[in-house]
Amino acid sequence: MTTPSRSADALRAWSIEPAPYGAAPGRIIVKAGRTTVLCTASIEESVPPWMKGQGKGWVTAEYNMLPGSTAPRKGRERGPKIDGRTTEIQRLIGRSLRAIVNLEALGERSVAIDCDVLEADGGTRTASITGAYVALVQALRSTPSFSGGEPLPVSDSIAAVSVGMVDGRPTLDLDYAQDFAAAVDMNVVMTGAGRYVELQGTGEEATFDAEQLAAMLALAHLGIAELTALQRNVLA
Amino acid sequence: MTTPSRSADALRAWSIEPAPYGAAPGRIIVKAGRTTVLCTASIEESVPPWMKGQGKGWVTAEYNMLPGSTAPRKGRERGPKIDGRTTEIQRLIGRSLRAIVNLEALGERSVAIDCDVLEADGGTRTASITGAYVALVQALRSTPSFSGGEPLPVSDSIAAVSVGMVDGRPTLDLDYAQDFAAAVDMNVVMTGAGRYVELQGTGEEATFDAEQLAAMLALAHLGIAELTALQRNVLA
Amino acid sequence: MTTPSRSADALRAWSIEPAPYGAAPGRIIVKAGRTTVLCTASIEESVPPWMKGQGKGWVTAEYNMLPGSTAPRKGRERGPKIDGRTTEIQRLIGRSLRAIVNLEALGERSVAIDCDVLEADGGTRTASITGAYVALVQALRSTPSFSGGEPLPVSDSIAAVSVGMVDGRPTLDLDYAQDFAAAVDMNVVMTGAGRYVELQGTGEEATFDAEQLAAMLALAHLGIAELTALQRNVLA
Amino acid sequence: MTTPSRSADALRAWSIEPAPYGAAPGRIIVKAGRTTVLCTASIEESVPPWMKGQGKGWVTAEYNMLPGSTAPRKGRERGPKIDGRTTEIQRLIGRSLRAIVNLEALGERSVAIDCDVLEADGGTRTASITGAYVALVQALRSTPSFSGGEPLPVSDSIAAVSVGMVDGRPTLDLDYAQDFAAAVDMNVVMTGAGRYVELQGTGEEATFDAEQLAAMLALAHLGIAELTALQRNVLA
Amino acid sequence: MTTPSRSADALRAWSIEPAPYGAAPGRIIVKAGRTTVLCTASIEESVPPWMKGQGKGWVTAEYNMLPGSTAPRKGRERGPKIDGRTTEIQRLIGRSLRAIVNLEALGERSVAIDCDVLEADGGTRTASITGAYVALVQALRSTPSFSGGEPLPVSDSIAAVSVGMVDGRPTLDLDYAQDFAAAVDMNVVMTGAGRYVELQGTGEEATFDAEQLAAMLALAHLGIAELTALQRNVLA
Amino acid sequence: MTTPSRSADALRAWSIEPAPYGAAPGRIIVKAGRTTVLCTASIEESVPPWMKGQGKGWVTAEYNMLPGSTAPRKGRERGPKIDGRTTEIQRLIGRSLRAIVNLEALGERSVAIDCDVLEADGGTRTASITGAYVALVQALRSTPSFSGGEPLPVSDSIAAVSVGMVDGRPTLDLDYAQDFAAAVDMNVVMTGAGRYVELQGTGEEATFDAEQLAAMLALAHLGIAELTALQRNVLA
């Protein structure tokens, strides 16, 4: 069921707010319609073994859906069997953030991003990226090296949104029902300056042509611009 | 650092509130001082294979700490290596709830409890049990079989609190710093009627005598009575 | 080191040939420059449990690099630790093929695609998809249900190629050295009719704009057209 | 089937004897009725990585039931799936022993306790703890640092016994049939001096009151006193 | 250190005796010098899924060394990492017993053999096979289908012994020190009638010629004959 | 179905040829009838941790069947469950090669052998060993330390062949159908000089006597001599 009052080129209702609990220096709750994600960012004064001694930092991310985030309940990911979808999403989040972090300026420290989905109604990966950027900035601001007013080791903001072909129409920011019905599903990650970081379009047992691609990308630009403004407000 | 203004026989500040997100029929957020746990309860119309055909239901529980619940960050429990502490706690939660659920009256369905720690400052297992009882009742009330006004398949309420010997003094509801300093640590699970369900006392490289045991149990009775009143308010 | 004589808009030397060994009904060896992949397709007269009774078939894929395909040797993927990159690639291969297979017409049977990399010099996932399509058709032709001249349950051909921004220039069909040097890397999966199936573009700690995207997509169209012709020759 | 001639406040027939085989410096066979456990203690001149350089030692324990210890056969615990009950028991054994070992006086070495159940008829964890103490002392006596007559780094003896409510009556040292029938089951670990180390009481889908608790603890004191005497005889 | 008084063509001191504990219907303790193995045999009235409906039975075996069986302590085999040596040995034990069990006459039931090494001083796999045969017969005799006097579903007895080239001399029944020093190590499994079941000879970074092979096989025949007599005594 | 024209004392058609792809310094394709194996040998300038500082090298081997090597498709070995047969075979390959490599002369480096079965029709382990020897020599010749004309750290050649009792007749080099029908199956690994390295004979729910053993060994000698000649030609 798509929300009847929303037009195909409008975002769902989004909010990004500080999380009222947690111990990580960066922690926010991002909402996109009924999708809710807790994004935390923790700083560690070390890097993975394979990066030691290069004077560079690292950003990594983990993604997880809590069992109560869906009904029926989603089984918890434990044990040796790792879900492929989870792997894909958390790799995407980490890669996206690294595109706008200056790893040399970060120095030999790591930022660990955790995106835990509290309620899932479509677009959890784009909400995660959009929220994770805010948590990352919060955490960096709390780091002694960057809290004195020097510039953060971040070159631009980053946000993400989904677009797709639903009932033959280019549609922005799909909820679960729209995503399920979509013939094409595309996730777009862009900087605040409007440059692409990631583009992942998938025909779900379907295909799409160049014109449809152009229409979807245009919608994504609109959505990202709104989300970028929202991020600026929160961080101001 | 213990909170200076709290006396050794007082609970921390507790609250139990409905969670503003999530899809599970039962979902609450319980706070005990700075410890915060999201407890959800989901109903499945089936039982584990080894219980089939007996006409009885089952209650199971999982416990998890989110990575951002502590600083420094707690590594996420994934992969084949399962933490012994986690196993102990989730077994305790499930066993405690089964003590007050009438499994025959529940019928061939399962209640899955999930306790995800959002912030950890000691007493996460007792907060989990105390909150899980409320989420369980919420979930049962939403079940068609029990939503028409018939009695729920629950014989009493249940709550839990920790007590310990800190600096030689019997102390109620230990936070992390107190737990770390305690020579003896005891978790007490009791019904609303004041009967024991579980009693787990541990000398941490230390021992305790019968008199100390009696003093700690007396404090636990006081704490449980307060938590039982809090639960009744939420469920009223 | 890129091959000096190849221009930025030219494919590497490609070939697709029947594999001279193996027992699977579909089996080919695809080469793209020094990248070599053995693609086999096996038919099973059953579907995964969650698809039973729907009258539809399924296509699944696995991807693997043999240890001797690189120097130094690549550790064999065994044991509980599954590599995220492998997961992503095999999900991409399976999804791509399902986009052009008519699962209803396939009936309740599965096609298992295996892409084993014999030598790796960049572009192993695009070579795998391009070769897997040929092995899939071979295997379907050998199936009694489809070997009598009826149409195969396939709506179009499918092929894949990589494009990227190397030294600031849009470049087609990246080898390992080019891929390593690329600021942007994009994998494009298209049908023989020129429609998109998958589009995965990634800024490697970099970003790209709309103009660069357009230039890369134009190169991809050229490359896919050539590969489609090669596939038709092999299957004729 | 409970042994008819045993009164509710009597121990089963217990024995602790040196094991006639094995290579570990501490090795005994403990019997409690038909429950038989092989307890070995091995010394390693190192500590776990997280304890290095602190000048302290460590005591760890593993618990295991041999497949032939029950009929029908108990599946061997191998592979990634670790049983929660096993985890709980071996953590209890290790924690109990550490309560009476002076880890500083032990020095930077580890004692590894292994409790392998040869026949299981209830009370395997209490037999394990009671036997493990004896094996621990044997092993320490064989260590060059402690074999010259200096005091062992052990502050007291330790023993364990179960008590429970069976058919409404407080009962000591439950065998399997009694344990199965018990409404309440409690494991008590005490020192030779009569101080508590661990207290784990569980209502099995039941609850218990303060009076029942007191009666069970009184029985436990009696039982522990007898077991302590038995340990002294063996070690004399 | 080889036992000085034993000649190269003599067995170590062997014994096979009923185990004084355990619940499995077949259970013996076999000793070969200082090597001690507990062999149990359990009967299950079912067969593995892949054998159902064929009217045949199955014999399977597991092998395990207890941590205290060696000094220094042998790490317990748990978790996902399975030791290759263990796998080899338990496959050998199972295969050897199946060679002399009439699986059709056994009917649709399974015999599970467990060989748990209590003390290891070389030759644990040959002691396991020799003892497992006795436990198997014990267990079959306890099975209602075979306990009435009908012939057991066993065509012959089976025993195993090691031989090797030690200091250039063919040697029977190697203990650990001899095994370590041996250039060639061979395990021979034979029936009571003197026919080969398994022959596994290995040059340990060495090789052997036909003459040495003949000398070792002659010794194995002698050893097996003695062990067969010992088995008959126990089972008489 | 055995190939009708081959007599029981003749090898199948064998070939050993350089692999036309791959990056490992040693890489050959060995064929024995319809069995085809890719054997690669990679050199690493390090040894396993437990061998460091001894001045000696190591040879290790892995064995794997590709899914398309059989029909129906063989499931890929991934995940925590490791197949016992695979473990046995790769241990055999490594042990066999180490018998003819002078590990001291090799120096502190490792040779990693990978045997990937491209088509399986019986005798994959013997083809693997026979081919791996050739790949090993190729790889050593490419190593700077040995490429200048000094002798390789190899004391002899090594080859392997299977023999068995099929339809009551001693038979050489069993294909899959013969292996399935064989009452006895024996793998023989020998040096070029005719000395035994490994002898593994198994009665498949059957037994064999000394005369049959002698006949099978005689056939193995013949087969190994032919394979040794083939290896010399390839390496000349």
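So that you can tell them apart, the chains are marked A, B, C, D, E and F in the order they are listed, and the count of residues begins at 1 in each.
Keep this in mind: a contact is a pair of C-beta atoms (placed from the backbone, for glycine too) under 8 Å apart; a residue touches a chain by one contact, two chains touch by 3 or more.
Everything numeric here is computed off the predicted structure, so don't read it as measured data.
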Top of the farthest list for chain A, CA-centroid basis, is E
Repeat of the E-F interface, chosen from A-B, A-C or C-F (over half of contact pairs identical by residue number): A-C
Is the number of contacting C-beta pairs greater for B-D or for C-F? C-F
How far is the middle of chain A from the middle of chain E, if each middle is the mean of its Cα atoms, in Å? 59
Distance from chain E to chain D - Cα centre to Cα centre, in angstrom: 33
Using CA atom averages as chain centres, what separation in Å is found between chain D and chain F? 51
Give the residues of chain C that touch two or more other chains, as numbers and ranges in rising order. 79-80, 82
Which positions of chain F touch chain E when the two form their complex? 80, 82, 84, 87-88, 91, 95, 98-100, 103, 156, 186, 191, 194-210, 213, 217
Which residues of chain D touch chain E in their complex? 19, 21-25, 27, 31, 34, 36, 38, 40, 42, 44, 62, 64, 66-73, 76-80, 82, 112, 114, 116, 118-120
